[in-house]
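Quick notes on the structure that follows.
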Amino acid sequence: MIKGRVKGKVWSSRHIDTLPAGALLEIETDDGGHLIAFDPLGCDDNEAVLVTQGSVAATYFQGKTAPVDALIIGSIDEISK
Amino acid sequence: MIKGRVKGKVWSSRHIDTLPAGALLEIETDDGGHLIAFDPLGCDDNEAVLVTQGSVAATYFQGKTAPVDALIIGSIDEISK
Amino acid sequence: MIKGRVKGKVWSSRHIDTLPAGALLEIETDDGGHLIAFDPLGCDDNEAVLVTQGSVAATYFQGKTAPVDALIIGSIDEISK
Amino acid sequence: MIKGRVKGKVWSSRHIDTLPAGALLEIETDDGGHLIAFDPLGCDDNEAVLVTQGSVAATYFQGKTAPVDALIIGSIDEISK
Amino acid sequence: MIKGRVKGKVWSSRHIDTLPAGALLEIETDDGGHLIAFDPLGCDDNEAVLVTQGSVAATYFQGKTAPVDALIIGSIDEISK
């Protein structure tokens, strides 16, 4: 998995039918890369998250063949300073 | 998924039989990388798109074993200025 | 597989239900990259480990569809100096 | 998929039994990377090709479990100048 | 697939049960990257090899769910000078 931080949302009004309804968040990884992940948790902007990639991301959508290759699987606990 | 922009089309007259009929678009990612994605949506040149990669891209072609590892799953909404 | 070294732990109190219980360790690879891997072995901080990635990592969790794309599969033997 | 150009052939007399018989070509990608792809089309040296990667490449070999993670799926049409 | 050269061996006395018995070799790729691959061929140090990656690597271990994401599938023929 990779660690990253939520940096905004992406909207796609015109999409293929099999894309599940839900938030698509822009993630900035610790190494400065960017990707878009499906968010089942309702994460906030700037929240630190754990993202899984590849075909295991799609297994979250059981009984469907969702074209999702990146999924937020957890919010990372951060110690408030 | 990754965000990118359509930068032209690729034609392949000589291809393997299992390649589905349809447009193959050249995508430039936000990080400057390039890849070719299958386009089921009829996207225009320069359009911002969302691309899924790996084996989940092939699941779009149900009942077939399509050799497609990158699929445009949505057009990204852009605010006109 | 890749070689890396354990560099701390990640906690995620708020996560999706299918994330298996267990330690999530931060791994620094030999090339300086970073990733988070599930640890079934109880590895220590700074321990050298072997990590497998992608859908084969999830096959460790038999009978479940775990959203895990990186798994520590072994501790690397190091000669004490 | 990625675009690349054929840059020679690789021979492997000693290989595992499940490697299908056929040409293994060295591909230089547009970004300067290198990979070896299985060629079912009989491509020539310097020919521009479309390569699919990952587990979908292996689905070409139906009824077998071929250890092939990169497959030439098409020759790219080039306009003669 | 990728081309690389064997650069030593890795031992892991403490590993998960599903890791198949066999040699784990350190591979240096042509581009200078490093990875660990399972070796079913008994390759020598410095030998040029062909490595497949991802879930197709695990299909070599038929009837098991091996956590192996990189497999040497062939030794590359080299012309002696």
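Labels for the chains are A, B, C, D and E, by order of writing; each one numbers its residues from 1.
Basically, a residue touches a chain if its C-beta (ideal position, glycine included) is under 8 Å from a C-beta of that chain, and two chains touch if they have at least 3 such contacts.
Given the structure is predicted, the values throughout are model-derived calculations rather than measurements.
Separation of chain B from chain C in touch steps, taking the shortest path, is 2.
Listed here as common contacts of chain C and chain E: no chain.
Inter-chain centre distance (chain C to chain D, centres taken as mean C-alpha positions): 32 Å. Between chain A and chain C, the centres computed from C-alpha atoms are 20 Å apart.
Touching of two or more other chains is recorded for residues 54-55, 57 of chain A. In this entry the chains close into one ring whose order, counted from chain C toward chain E, is C, E, D, B, A.
Residues 1-3, 30-31, 40-41, 50, 52-57, 59-60, 62, 71, 73-77 of chain D touch chain B in their complex.
Taken together, the chain D residues at the contact with chain E in this complex read 10-16, 18-19, 24, 26, 33-37, 54-55, 57-58, 65-70.
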